[in-house]
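Across the two complexes that follow, chain A remains constant while its partner is chain B and subsequently chain C.
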Partner chain A sequence: MLRKITGQVRVGLRAVSLATIACVCAAPIANAEETFKLGLVNFLSGPAADAFGVPSMNGGELMVEALNAGEVPEPYAGMIGFGGMPIEIIKVDETGGAQVQIQRFRDLVQREEVDAIVGYDGSGDCLAVAPIADELKKVVVFSGCGTPRIFEENSYEYVFRAGSHSTMDNVALAHYVARKLPDAKTVAGFNQNYSWGQDSWRDFSLALKELRPDIETVGELFPETGAGQYGAQINVLMRLKPDVVHSSLWGGDLEAFLLQAGPRKLFDRTNVVFTMAEHVLPRLGDKVPEGLMTGGRGAVGALHPDTPLANWFYSAYEDKYDIPAVQGPFRFVQTILGLKTAVEIAMQENGGKKPTSEEIAAAFKFASFDTPSGPVEMAIGDGHQAIQGNAIGISKWNAQENRVELVDVEYFSAKCINPPNGVMSEEWIKEGFPGAECDN
Partner chain B sequence: MDIAFAIFADGIIYGAWLFLVAIGLTLVFGVMKILNVAHGALYAIGAYAAATLVNSSFFGQIEGMAVLIVMLAGAVIAALLLGPFLERVLLRLFYERDEIVLLLVTFGLSLILEDLIKLIWGVYSHYVPGPYALFGDVEIGPLFYVGYDFFIVGLAVVVGLGTYLVLNRTNVGKVVQSVIHDDEISRAMGINVARVYLGAFTFGVFLATLAGAFTAPMIAITPTIGVNAIILSFAVVVIGGLGSIQGAAIGALVVGLSRASAINLWPEAELFVIYAVMSLVLLVRPEGLFGQIQQRKI
Partner chain C sequence: MLSLQRNVALGALALTIALAVLGAFVPEWILYTCALVLAKGLVVLGLCLLLRMNLVSFGQGLYYCAGAYICGLVSQMGISDAFFLTFLAALGSAVVGLILGLFLSGYRSVFFAMFNLALSMILYGVLLKSISLGGSDGVGVAAPTYLGYAPDGEMRLYVFFVFALAVAGASSVFAFLYTKSEMGLASASVKDCEIRLEYLGLSVRYLIIFNFVIASTLAGIGGALVAMVSGHIIPELAYWTTSGEFVFITVLSGPNGILSAFGATAVFETIRLVAGQNMPNSWQMLLGSFLLLSILFMPNGISGLFRRAKAPKPDAVGEGINND
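Let's look at the complex of A and B:
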């Protein structure tokens, strides 16, 4: 595995780690009999279960068990659960649509009386649940949901997202493509026909237009989610012959596309670049075409930074579940660690008592914390939306280790690929990324 | 010219696959008047069964065209295990009830089968890509086709013709036709209607598992692959006329060519076009292109 991490990211990582250690060590321990009841929500059935839901929940359970046993390495070593309170989890399936999620959210808060909720991967679910969290005054920390609209079009008090949104993922990919494919003249999009696919293509194509105005868009395809059969679309791409094809496909759709496009020689004729194909690499193995450019929505999975926390989580997950951790578990775990940080900051400020939702929400705003995918800052969305670095690499089969590697990896710092606080993502891209701090 | 050829070829390939998925659905409705919503889950089970056999240590040694026999065996085994069991133990209990009750029963069955899939095979994708390369590639102008796609077209023709000939040219077919026309009179004439139902349902399940088994090499097999397949199958059989095999064939071609045209000429409307065509057909012929107006018993 080839990993490269910029000096700036390393320094930042260390600074955040130290800050978090200081916070944890100073936090008083709550009454030993108290527990922190945590609702974990993600897809346990349906099309997103195998790609995200089940791996995420597995990662979450592993992290909660390790936190309760005090086995998580620095900067979280030595503190049981959340501020000394063992974590008690209640798992909920995210399948069923927005109305079902609203009901389940109410059940978790009013019947199960959870102290906070983490999870949700579906953008529609996040948009539906957010106002309910404010209505019930209960902290919810989203782990997925690609749409940037949650905090750009609304303002919430108890709602947080401790991971990236689609802008960051696709701006990083556009930077990578602009650098690695200097001769590219044309681009086409191949994205699912719903908010994630459309937002991803919008952000990628706008960013690429800013970075490389000479590249012309020659086609946009939006297949339905779950289609499974892409022969006709692949032929359209073959006929258009773009130099670059952008895709944000995920899960079974992505795997089907890779299996069908390979024999049709699409990857021999064009550079297909993926926003988040990292999560299918371990499972597809030698069926992954060589030379695919892809990210994983953060420095996750095989792209994880070389830190004790990241290395421990990556190994512990593979030891327990016999498959490498991919982006889902990494994102879910960083959500739990973000909440842990907020709870412990709140406890530090209230004299060590179990914090209220108001205290947790206040502590979460603009917090920084360390995660297996590197440092995360709640820097935008008025302190409710995280920013983090991203990594993009190129697929290469390693026959000796019997796994797909990502080589030629480049890391992009959080402030290079995210808009400043208070700036809308789309406007930020269209104006040429004002305020971006890119060091490479 | 390239576009016209691409629309024609992609439309035929997709239509053939759709027909393979939908023919079992329309056959079961034609004989038993059951709109089997679990058909999609049975399709998924066929895919898993084929992948399990082909990837097993015993059958995994088999190479070349013989792999297709292993996939067929997977479909047969799954159908023989599930078809008789579901018909005898579950559906038989509801034959006297309203058709809508049977529809709800098969909907419940589809959810149970999806969970059964997860219990047996887990939630992670399974793959069986080997057979996809068996027939090589075909390069036509700027386009590449995989030979396996044309094998699916051939398989759809064989399955469709075979089923049609059995129903219309054999004694077994005549018995089935008689039950289709009137099960009470058939019973009075000495036909074992229960056995016809058992055979028809099991054959319908086999057609579902067969479609799944031979789709498996093209896709990542996940527990929910049947959901999309069943929705499109409904569109096909509604266009063609519920219960008509010729109708399913024409419906599949209409959907395949409409979709391919949209993808090449108006990509945003890929899904819209399919249901627009379906609505148009229903406006002109509410019973579908080959459907027959049914008298209602009061």
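Let's look at the complex of A and C:
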């Protein structure tokens, strides 16, 4: 009996194995006439999903729903969706590597026929997708991927990034150390051993050398990505006793490091400054060591500016998902709002028709727009790369409200911590920030 | 034997031309997946040759990645000829395969699989950390040219597809004839009894090295094709999940069969694509269930399905003698 069933299944499988390819071709293609079809891409599985992907996608969905309902406050009040067109979203998982991402990107553009794509957090994915976007002439707006390489080593017509790159985070941190820690004499780096960690440490140490040439580098630690155990590195840091430790750790690695270094009083002995530890504060709650200095890659999350738009988004997100919004959703949402601005500028210029990719790309260049993380300007990378301000604060447990607060916040204006248009960020730092406009 | 060679070559040529013509009418997003299938199918083909000897390499990503990086790094020097790059990648990964094969040929079963895995993870680690090789961000690969011909815009993907088809077709003919040759038939009996082979005067170690070099060459060619079609390569090509994917596709294909290697890759890629389209939050679950079901109901893989259909009835005379 079992053999008979297996035999039948086998015959069926024979048919299935031949027919699967055919069924892709027959998948329905929706007709996008009045709506704006938007592909949203981010990590929905894997190590970056918890830290960035899922919160980002949640924030994106919240923003799209609010835009479609016309509930977003000034300056976006009164305009539904993108220029009156309701937004229809298609979600895609960023996990799988560069080849799979190109496959899914082509699928989004050529089968789903989306009007634009927003997302991508992995630098490798961004570098892989960018040339394809130009080849297919479809606007893609990156939300993450910190590497400055994308627009500094290449130029693309249809590729934009509506958030700043990693240079800003580290220049702001160097300013912060120079300003707030005048007695510091020694510094050490504690970064993951891959492009993100290496680039972050390079930018920070170069910038600090410019601002405080007297500070000596006493150690450079590069633990494995995903190591999870940092006992040895914490010992080294305790022994070196540097006045400042720089770290660009994120996600599970960062949480592990905080939980292991906190009880050993590392944060009491040295000032550990993080580029982006802001995103784990709500998750760790009272386990966050006191006095940790961190930014969030922009004025995001608990560091958000006091504007109606920022306050609305921060509370709407917490109401819906029961956890405060961190940098992921803030960056993702600012990318959507950037695209909205570009689409609406393009519609003003073409008389209210649904704009083409060429028109959106032309309107996006050098556009500026308001976001929950403050004003953003597509000022560098020939109008394809955004700059924005940054903020750094010190963690403090608020027992009454049962949440971690960031106090003593320092703000840095966008033009102070980003290179001018057409200048490579590494050169800019080495030459001593020519053209930087700092308030103080 | 000569007529077999001619028939197989003619059959493969006809199939290649038919697919090339078909490719002209297929949307680009399917064409890209088809090119991926051809590239990965070559890696699987190599693994099938090893599986015939009961050897499973959990580190085939090493040669795949080596081929891709040879192709990518050479293309950054300004050389973009697809034929030359593919040849170079094949040569490079063959050399790597030969050197490592000398050492790996002394091991069997899980030790062979795990040593391969370890070696591929070493390459992954090195690539991840070396800034000069692009680090974790990877390396961009220039669009390929063909003996001086540089297709533009919309033709680019189709021309590459035809090129990949030709490479895969030629490799398949080679692999098929190899399995029917003396060496190929001797290799297939390694899994049955090594001592008997040694008594016949054959060196098992030599056979394993020979097959291993062929498999790593095929993987290198696959890597070069992937580098050229996607235009960007990352160290993940050598990561253990990539190698695991190849092993899974090989199990799905079954060891006996050339077309089934490509067929299984096509089924795998199609399921991943469709699952990703329709279940962005849980596509891995669909892929996993498919793996489970295919092992339950198709223990001999896709090639087993079609072979069973052609095999003589159990009561026929001469059961078990393979006469094709």
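Throughout what follows, the second predicted complex is superposed on the first by the 407 of 440 C-alpha atoms of A that agree within 3 Å, B and C clash if a C-alpha of one lies under 4 Å from a C-alpha of the other, contacts with A are read in each partner's own complex, and residues count from 1 in each chain.
The rule we apply is simple: contacts are C-beta pairs under 8 Å (C-beta built on N, C-alpha and C of every residue); 3 or more make two chains touch, one makes a residue touch a chain.
Model, not experiment: these values are computed from the prediction.
*Asks:* Should A:S45 be classified as contacting the first partner (chain B), the second (chain C), both, or neither?
*Replies:* The answer is both, since A:S45 touches chain B and chain C.
*Asks:* So in the superposed three-chain picture, is A:K265 touching just chain B, just chain C, both, or none of them (first/second/both/neither)?
*Replies:* Once the two structures are laid over each other on A, A:K265 reaches chain B alone.
*Asks:* Quick check for you: in the superposed arrangement, does A:V236 touch first (chain B), second (chain C), both or neither?
*Replies:* first
*Asks:* Output check: A:Q110 vs chain B and chain C. Expected answer is one of first, second, both, neither. What do you get?
*Replies:* second
*Asks:* Just checking: does A:T147 make contact with chain B only, chain C only, both, or neither of them? Give me first, second, both or neither.
*Replies:* Second partner only, chain C.
*Asks:* Would you check which partner chain A:N193 touches, where first means chain B only, second means chain C only, and both and neither mean what they say?
*Replies:* Touch status of A:N193: both partners.
*Asks:* After the superposition on A, what does A:D134 contact: first (chain B), second (chain C), both or neither?
*Replies:* After superposition on chain A, A:D134 lies in contact with neither partner.
*Asks:* Once the structures are superposed on A, label A:V92 by its partner contacts, choosing first (chain B), second (chain C), both or neither.
*Replies:* Second partner only.
*Asks:* Could you say whether A:D408 touches chain B, chain C, both of them, or neither, answering first, second, both or neither?
*Replies:* After superposing on A, A:D408 lies clear of both chain B and chain C.
*Asks:* Based on the A-chain superposition described above, do chain B and chain C contact any of the same residues on chain A, and if so which?
*Replies:* 45, 193, 222
*Asks:* What residues on chain C touch chain A, complex-wise?
*Replies:* By the definition above, chain C touches chain A via 27-30, 32-33, 36, 128-129, 131, 135-138, 140, 153, 156, 226, 230-234, 236-237, 242, 263, 266-267, 269-274, 276-277, 280-281, 283-284, 294, 297-298, 302, 305-306, 308-309.
*Asks:* In their shared complex, at which residues does chain B touch chain A?
*Replies:* 2-3, 6, 9-11, 13-14, 17, 114-115, 118, 123-125, 127, 129, 132-133, 137, 142-146, 149, 218-220, 222-225, 227-229, 259-260, 263-264, 267-268, 270-271
*Asks:* Where on chain A is chain B touching in the complex?
*Replies:* 45-47, 49-50, 53-54, 193, 219-224, 226-229, 231-233, 235-236, 238-239, 241, 251-252, 255-256, 259-260, 263-266, 280, 283-284, 287, 323
*Asks:* So in the complex, the part of chain A that touches chain C is made up of which residues?
*Replies:* Spelled out, the residues of chain A in touch with chain C are 6, 9-10, 13-14, 17, 20-21, 23-25, 27, 44-45, 91-93, 96-100, 102-104, 106-107, 109-111, 123-124, 127-128, 131-132, 135, 147, 149, 193-196, 198, 222, 225.
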